[in-house]
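Please read through the structure below; I'll follow up with questions.
Chain IDs A, B, C and D follow the sequence of writing; residue 1 opens each chain.
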């Protein structure tokens, strides 16, 4: 990130995203990032477009309207994006989360090394558990969610804990996520994590049962005092770079990853949770290890 | 009576046309209030809606493409309704058709379009037919309410889709990359729906749907099979007493209805920009709720295949326009969904009134022609052939 | 002063003047009969009296006071009770629940079925209407359902009782019993309005008779001065023949043979068993019986609409047991089912479409798989003309034809192509005298052409007038076969009630 | 599999199944009233969603869960009147107008949420009420008598409904109107009033079901019901239109779900099978529909608008 980058007058960013802007998860992470960009570019949002054709329609619409940067925030949007980007060679597109630019010079790709934060929080979880049982609630085994779950599992395993994970099969079924958490509770799990917008159901169970929780994608501290820490995506790191590139006339062709190293991923502790100092330093050590490559999250 | 009758007739017929339009207008009026609540200008919003739907060639093309699955489903729904079967399973049937046609394209070797195209369309048809046959059979032979069974089968279809796209059909590249997005690889080019008029968007889907509507019209009012479907729909007892196999006909009605929805599925896959099948874990992610919206289009079209053509186009325009409305005045997509619901509510709520206007018309016809001993037998009698 | 007087009642339905300036009154203690053909406007007049319809013009006076009756509740509160042409019973409820429905309960929001039951039993023994209050209505025989209807009205303390065709479904014995009850009701000072098509019943029960035709009062009479013929003439407006002339016909081979038939009814109970019957080409065999004794199941099994569990049916020597309906029709069966609008025609289909109901896949009407509308029109026009079906056009929906014309239309369709066997269930039930007369003539004519005709009817007049032989059916069996020339109504009536002829 | 048959896991599975079944039970019960009187209401899910938002928002602002339930109830009541107006007075096709209500509820609840709340914030959930003595019964106590208050209330609604349907004059009218509205009408029973009544009860219970769901989850999110309203409708058929049957259906559905997810967390169902396992409730429901359909008959007037004299 270059702090001096600022959007020029009248710069417009169009975001097309699959869930609601306030999902405390995937969509919110990109909206929050766009909103902190310097120079107050105009942010246009089409949310809730989980239907790919509708998303394609919106992406095309923003491009046709002359928006300067169109962000297709959903790996499932690749199909239409590839076609549309070719129809609008003078518009910059960004596609996440993925690392594929289709070899097009006006498409940026971005993704998060969500396994890194997952790994660190897994290590913390293993250090905090008393029953030595840890549970993870995922939606569908795909993309960012899979990466995170695998990272968390690896971290927890490295700390010697028993890990069970479950994919509920839905990004949206809150009640099912709650049932999954209840199942974990009955199995003596005392630390949980999970990813995607339906986890709010699981956090509720954690709160009533006094199970510790680790969040991801957005800061979930406001969901309860049992939230130990959250991995937060700072997509602004990517967006700032893209912004400066566009001002230099480069419309794409580059692929980004946010991670601890480039400050695109940060671990935010919940002030309301009294984290033991040794666990906090363990976390910081692990982050440093990941940064310098001495720890592998895979 | 003839002179006065004729002028009255015209006005009542126009009224019947106007009722659903008025209903939509009323829904939009409420939409305007909702827009105001979001500090958005309704005028600007609706202008964007109209432009996005019908304002340019590109918009018209988008609308036609959006209307295509609605028309297939609407025609399928019409066939079912005419046989007095309520098919709420369009969503699942679209998915089934999409899946089977996708598998066909994946598993058949690269062949010329002349073989591939019919193959995927037929398999889309078959996939939907299977998903329609099940509730049809259960209704006819076990008396299982089709509204319920089709809703349940929608759930089964989406899980089947998730399973297939996450496991056996997943793009090998997704496994390699480790991202595991539940989608197939780009399907073979031979199966791309051919483009029309040199456009890079407009494919033959809309044309196929219009042909399907015409075929359904001929089927329903010019063939013995269609006659049986309508007879069973109007009075299953009388049909049975006359020797018509009622159970088989009911099964067939849902099967055909599902088959048309299945065609919508095939067109959604092979006419998509990505030329692949993707899931986000929900049905609507793939279908865009065409299975439900098609019902509205059918009602809008007075359950007549031909009138469902403009009805689908209008309704498709509303949906496409909704996306540009959202873009133009920056309201959440939920507003469009709520508006969509209002349109459905207002259209069905006024349907009774529309029917009454229509009946008035028919009765006047009967009275006016009383005495005249022989009048040419209109081909589409009993079908409400000319009403909206 | 009459207890009820209707003055100048006019009621229009779209396209129909159902009641045209009708005056009608009832004195306490009398049975005033309302007589008229189908569609004459009898039920409409009574529904106005009962508050189900509102008159367009005219007024109703109760005990001399003009009264607005705007709903059944109002009618009930003025002690008017109505027994409808079609039973108005909730089949899944008990007798007591049917009676209690809509009445305030002595326990407020809770039901008081025990209280109701006691009173039902009381009323039952008082008027000869015994019933088990706890029985579910669907389990009752038709006659018992009729009793529930009467009890319902009596329970509401009806002083003026409307009975719209209450005898249509009863045996002669049950009719006698009902009349006994009705007379007792009049001696208690109640006024009765009785509606029927059956002229001898009308003559037996009434104190006064008012005749309606096309919504207008066309005559009044007392049983003393009227005869069946004179009443029929008032109803129809011309002289009518009450029984058809039947030339002798040479009876030939059995065309329909039924051997040891066993068939189950809808509720899984045996409806027909040990049933043997032969109908010969050129004869009309009438089946007499009280409805619910297996006639419907018999007809449906012959037509292939109901599974035969034992025995056999053959037509012209071909075994058709459990064949598909369409195959049986191909062998030469024609079928006029009992429910004209329910089973015999499709109300919203046009006249032409209804004619095609059976023959729509016939090559004659197809041209490369699509309907040949020219050929269809020609065919239908021919049949409509031949059977004198009164319809404005071939495209008129059948729903707007009168009952008699619908029945003629069905007959035209079924007799087309001279079937080997014609099965006609209640061919003239609810059809007015003129149309019935015509239908009987056509059946007799068909018999002369060598069709074996099986007529199932609850109307003894019809069975006697039409048949060459009468088979009486009771509890799914043939009680006996008699010759109408020698047998008496009383004999047949007893057999219908299950008493053996010896 | 052995991990499943431990006391703690089994009890938790059943307890979780019971809780999961509560919104289904309430909504299904309400739907059963409507269907018994001849009205099919496919809009339950939309009513639940709006009730859920109303309940959630109220608790968020007031920290009073009972006020939340009351608001859910009120919203359900209003939507019940609207649904009745559409299906009873305007006589709209019931299979489709319900879909309209559903879509409206789905969109409107999310819209209100985004406008009034924004980001999901947790709210108080129901207090747990452990019933003295009963709570100490081994196994049973933990499964049944350490639930939250709404669970008890929901299960209390079952005998209450059985009583209403079978022992009150209103219940008798409901049964009559659903079976033969003409007959009821001819005895002065107002078909429309009875149907408005059942639609009100149905709407109210659906609204409460939604509020109970959101408050139990302690959160709101778009489409939080995830089509539970449709499952509730299926349960009415499953339960053959009887309150007790609906309860059995809701419990079975809850148990199947709880067991499947429990098995997934225990690895008894491998993840690659999880989509197939997710079909289980729907498939079981279809099979149950087959059994019920061959044994029981739907109310004769179901889905048919009533009009006097054709």
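Following the convention adopted for this analysis, contacts are C-beta pairs under 8 Å (C-beta built on N, C-alpha and C of every residue); 3 or more make two chains touch, one makes a residue touch a chain.
Quantities reported herein were computed from a predicted structural model and do not represent experimental measurements.
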Selected pair, greater C-beta contact count between C-D and A-D: A-D
Distance between chain centroids, defined by C-alpha means - chain A, chain D (Å): 35
Centroid spacing, where centroids are CA-atom means, of chain C and chain D in whole angstrom: 46
Rounded Å distance between chain B and chain D, as computed from the means of their C-alpha atoms: 30
Between chain A and chain C, centroid-to-centroid distance (C-alpha), Å: 75
Junction residues of chain B - those touching two or more other chains: 159, 162, 166, 332, 334, 337
Junction residues of chain A - those touching two or more other chains: 20-21, 48, 141, 169-170, 172
Per-residue multi-chain contacts in chain C, two or more chains: none
All pairs of touching chains, each written as two labels joined by a dash: A-B, A-D, B-C, B-D, C-D
Complex contact set, residues of chain C against chain D: 47, 50, 52-53, 71-73, 76, 82, 84, 87-93, 97-98, 100-105, 109-111, 152
Interface residues, chain C side, partner chain B - complex: 14-15, 303-305, 324-326, 328-329, 335, 337, 339, 342-350, 352-353, 356-358, 360-361, 366, 369-371, 373, 376-377, 380-381, 392-397, 400
Touching residues (chain side chain B, partner chain C) in the complex: 218, 222-224, 227-228, 230-231, 234-235, 237-245, 360, 362-363, 366-367, 369-379, 381-382
In the complex, chain A residues that touch chain D: 19-24, 28, 48, 135, 141, 164, 166-170, 172-176, 178-180, 182-188, 197-198, 200-201, 203-204, 207-208, 222-224
Chain A partner contacts - residues on chain D that touch it in the complex: 3, 8-9, 11-13, 16, 19-20, 110, 114, 117-122, 125, 213, 217-219, 221-226, 228, 257-258, 261-262, 264-267, 271, 274-275, 278
